[in-house]
Each structure stands twice: as C-alpha cells, then as structure tokens.
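Which chain is which? They are A, B, C and D, in the order written, and residues in each are numbered from 1.
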Amino acid sequence: MARLVLQTPLDVRVLEKGLSVGEALAAFNAAQGAAGAVVSFCGKVRPDGEVKALELTHYEPLTLSGMLDLAQAAKVRFGLEGALAWHRVGVMTPGEAIVLVATAARHRRDAFAGADYLMDHLKSAAWFWKREKRGDAWHWIEPRKQDHADLERWK
Amino acid sequence: MARLVLQTPLDVRVLEKGLSVGEALAAFNAAQGAAGAVVSFCGKVRPDGEVKALELTHYEPLTLSGMLDLAQAAKVRFGLEGALAWHRVGVMTPGEAIVLVATAARHRRDAFAGADYLMDHLKSAAWFWKREKRGDAWHWIEPRKQDHADLERWK
Amino acid sequence: MGVRILFLGPLRDLAGQDECEVAAPLGWDGLLAAVNPAVAEQLREGRVNLAWAGKVLADKTQLSARDGDEVALLPPVSGG
Amino acid sequence: MGVRILFLGPLRDLAGQDECEVAAPLGWDGLLAAVNPAVAEQLREGRVNLAWAGKVLADKTQLSARDGDEVALLPPVSGG
C-alpha cells in the first residue's frame, strides 16, 4: 500500500476528492517526531436532516497561495514545528470531511492556538464560498457574525 | 484485522502499553458521525536530547474514575457529543505518545474548548506523577506555575 | 481577446452568469459600467474584493486590466 | 492486618519507601506520627492530599481508617 508522504514543515492542499482523516493524522504524527504536542481539527458536513449536500467553490489562482501564506503566518506566530491544512472543494454529502488542520509544537498551548488560528482564518479569510442544498434548492451560506468575531481575536 | 471499537459517548482509558494515535482518531471520527467538529490533542515524550525516558505513575483506585468524571464534566460544560481521553502509564521513550484526547461537537469553538479543558485538567488535576531520566538519574517533574494558571482559566 | 470577468460564489447568482468578457483596457469605471447595477453596488460598497492578475487589489480603483487579463469579483467568503 | 499507607509519586523518595503498614485504627494524629517528619510537614502544609477507601478527603483530619483500609498520600500531580 502506498504510504501517504507529507511535505514538511507545511503541507497545504486543496482537494477535489474525499480525504482520509485517520491516515492524514497518522502521517502528520509520524512526520512531526520532534514535537511534544500535536493538535488537529476536522470539520465535517453535519448530518442535520435538512441538508442534503454542501458545495464549496473557490478562486483557484488565490486559494492555495493564500492557504500557504496563512500556514506560514501561523508557523511564525506560534513557533510551530509543522502544520497541515487541507480543504475540500466540490460537492460533499453529510458526514464527509470539509477541512482538516493539524499543528505540531513544543508546547500544547501553541499547538492549540495555531490550529484555532488556522480554522478561524480558513472560515472567514480564505477564498472559499459555501452553499448547501436543502430540499431541491441551493442556498449560499453567508459568513456569520460569530466568524468575524472569532477572526478579530487574532488582531 | 480486529477493528478498534470505542465506547460512546465517552471513551476513557488508562493504558499500560503504547497507543496508536492514527487508529484511535480514525475510530473516533467514525464513531462521531453526527458531529460537525472534531478536535484532538496528542502529547508525546519530546526527543530533547537529554531525556532518555519518562515514567508515569498513578493511583489506580482514583485515576480512571477521576478521568471519567472529568470527561463527563467537559461533555456537559461544552455540550460535547463525545469525548475520548486516553492516558499512558509506565515507562515511555522519546517520541512515544503519553496522552490523547479528542472531542466532538456541533460547533468548532466547543470542540476546541473541550479538548483544551481536558488537557489542562489531565496536566494538573488528575492523579498522575511524572519523572524523567536524564543521564543515569531519575528526576520528578514538579507541576509548573503555567499549568496552574492554565487550570485557573476554567474557574 | 478582451478582459475576462469572473463572478465568484453568490455573486454569480446576482450577476446571472459565471463570467463574461469585455473590451480591454478595463479600469474601475469601466468595470462598474460593465456589470449589472446590483453587482456594481456591491463593488462600490466595499463588500466585494477584486483580484487582478492573481492578486487581490488593496485599492480597487487601481484596476487597469489589459487584453487577456482575468478580473475576479470576490464576495464575502465562507469556508471551513 | 493493620492500615496500609501508600506514598505516591515523589513522596516515595521523601518517605524512603513505597508503602508501610501501621496498626489500626488510624486517625490524622496517628498518621502524622507514623510517617517521617519531612512527610508529616508536607501533609500539614496542605501540599499533600489524602485518599482513604478510594475517596480523596476534603478534610484530612476526618481520617478514621480501620483494619484492612488503604490510605494513600498524594503529592501535587504532573500528568499529560
């Protein structure tokens, strides 16, 4: 079986197909042998009854470079030894992973803060747009006030 | 291959042997199908040159029940849909996992806060004692001021 | 060739199209005239960012697109 | 049988032993007399918790161990 090899210290991807969370985190843990603390976050399409599907679109010329800048900023700000930031695009069904981030640091508070920072910025400062299908109709998801408040914490 | 089956909503373990982080997190993700957000933390023995080994002892009649109370408190406080808290005891070498926690919630801030809360309490409010071997001698690790400050945040 | 204008995310519903092509050169005033009034209003209000040649413009009025360039209209994002 | 006293974590170095057995019944004053002065001082100072019959005592002076009981001395913890 081909083993997943990650780029270090930063592995940033925009994925058109599903992602295997367990495999990615096992590889990240293995790649970050020197770190005392590893934090991960996985965001999934909630199986909330009404929502049948979720679609994420992006602006390709900006997405990956923006995510790389973001990961680099998190690395410097929190002294991370490494970070992973993967984001799905396309149509997903309930239960599927949308986003996966992981951070490695010497100390746990830095690893937690780094993952938190990455997520707040992927939510409301990266070039993704989300819409969900309820019944037969698609509805765009507007950024929430809470997301902007979360982002402000880092300023 | 025997598949790892987790107890839901709370899976709490004190482990005498090594733990497979990737496998545990894959199982947790699978078990928490309804949660939109999953956060994990893994703490490892840092390969810091000087430290040759780490030993964790505990007081068995209190450890597991204390960890269960803690996980239950986190579940209620942050509205978690599930949590995992695994802690190693015994002698570990650099790179080995000491502790793994994971939390599942509807929203990401709750999942982050739940994992953070579990770790702060496992660090300085659970019945574990840690010593490390540097050179040929074992040295007990005193709780750090920072750990107590971290714990105070939740009061 | 002209300049290609892309409408991202919810803007494509407001614009009624994914993209369109207009004559070069294209500046800020030309862009406002080229898109429909609802989109123009969002551009003016500052809710929409502008990417030109792979960069987000700090000052949208500096737009000066030439033949073959791509200009993307970026509404407020919602990732993760 | 008596009462078994356990010294956890770094306390075992201070006590010079992992555990010892003393005559029952055992109360707070008896415990302070049964352990060495360095351990007794840490008990008095409040740095050390006391577990009796599987519970941590909120008030250590309430200790009242009988034949066959286990009393554990718990110094400040350092997990994770």
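Simple rule for what comes next: contacts are C-beta pairs under 8 Å (C-beta built on N, C-alpha and C of every residue); 3 or more make two chains touch, one makes a residue touch a chain.
By chain, UniProt protein names: A, B = Molybdopterin synthase catalytic subunit; C, D = MoaD/ThiS family protein.
Note that the structure is predicted; figures quoted are calculated from it, not measured.
J.: Would you pick out the chains that touch chain B and also touch chain D (MoaD/ThiS family protein)?
T.: none
J.: Suppose chain centres are the mean of their C-alpha atoms. Which chain sits farthest from chain B?
T.: C
J.: Can you check how far apart chain A and chain C (MoaD/ThiS family protein) are, centre to centre, with Cα atoms defining each centre and the answer in Å?
T.: Taking the mean C-alpha position of each chain, the two centres sit 27 Å apart.
J.: Quick check: how many Å separate the C-alpha centres of chain A and chain D (MoaD/ThiS family protein)?
T.: Distance between chain centres: 49 Å.
J.: For chain C (MoaD/ThiS family protein) and chain D (MoaD/ThiS family protein), what's the span in angstrom between their mean Cα positions?
T.: That pair's centroid distance is 74 Å.
J.: Rounded to a whole Å, what is the gap between the Cα centroids of chain A and chain B?
T.: Chain centroid spacing, chain A to chain B, equals 23 Å.
J.: Where in chain C (MoaD/ThiS family protein) do residues touch two or more other chains at once?
T.: 80
J.: Provide the list of chain A residues touching at least two other chains, using ranges where the numbers run on.
T.: Chain A, residues with two or more chain partners: 43, 108, 119.
J.: If two chains touch, include that pair; go through all of them.
T.: The complete list of chain pairs in contact reads A-B, A-C, B-D.
J.: Write out the stretch or stretches of chain A touching chain B in their complex.
T.: Against chain B, the touching part of chain A is residues 20-23, 25-27, 29, 33-47, 95, 106, 108-109, 111-112, 115-116, 119, 150.
J.: If you look only at chain A, which of its residues touch chain C (MoaD/ThiS family protein) in the complex?
T.: 43, 56-57, 59, 61-62, 65, 87, 98-99, 119, 122-131, 140-143, 147
J.: Enumerate the contact residues on chain C (MoaD/ThiS family protein) facing chain A in the complex.
T.: 6, 8-10, 13, 51, 54, 56, 70, 72, 74-80
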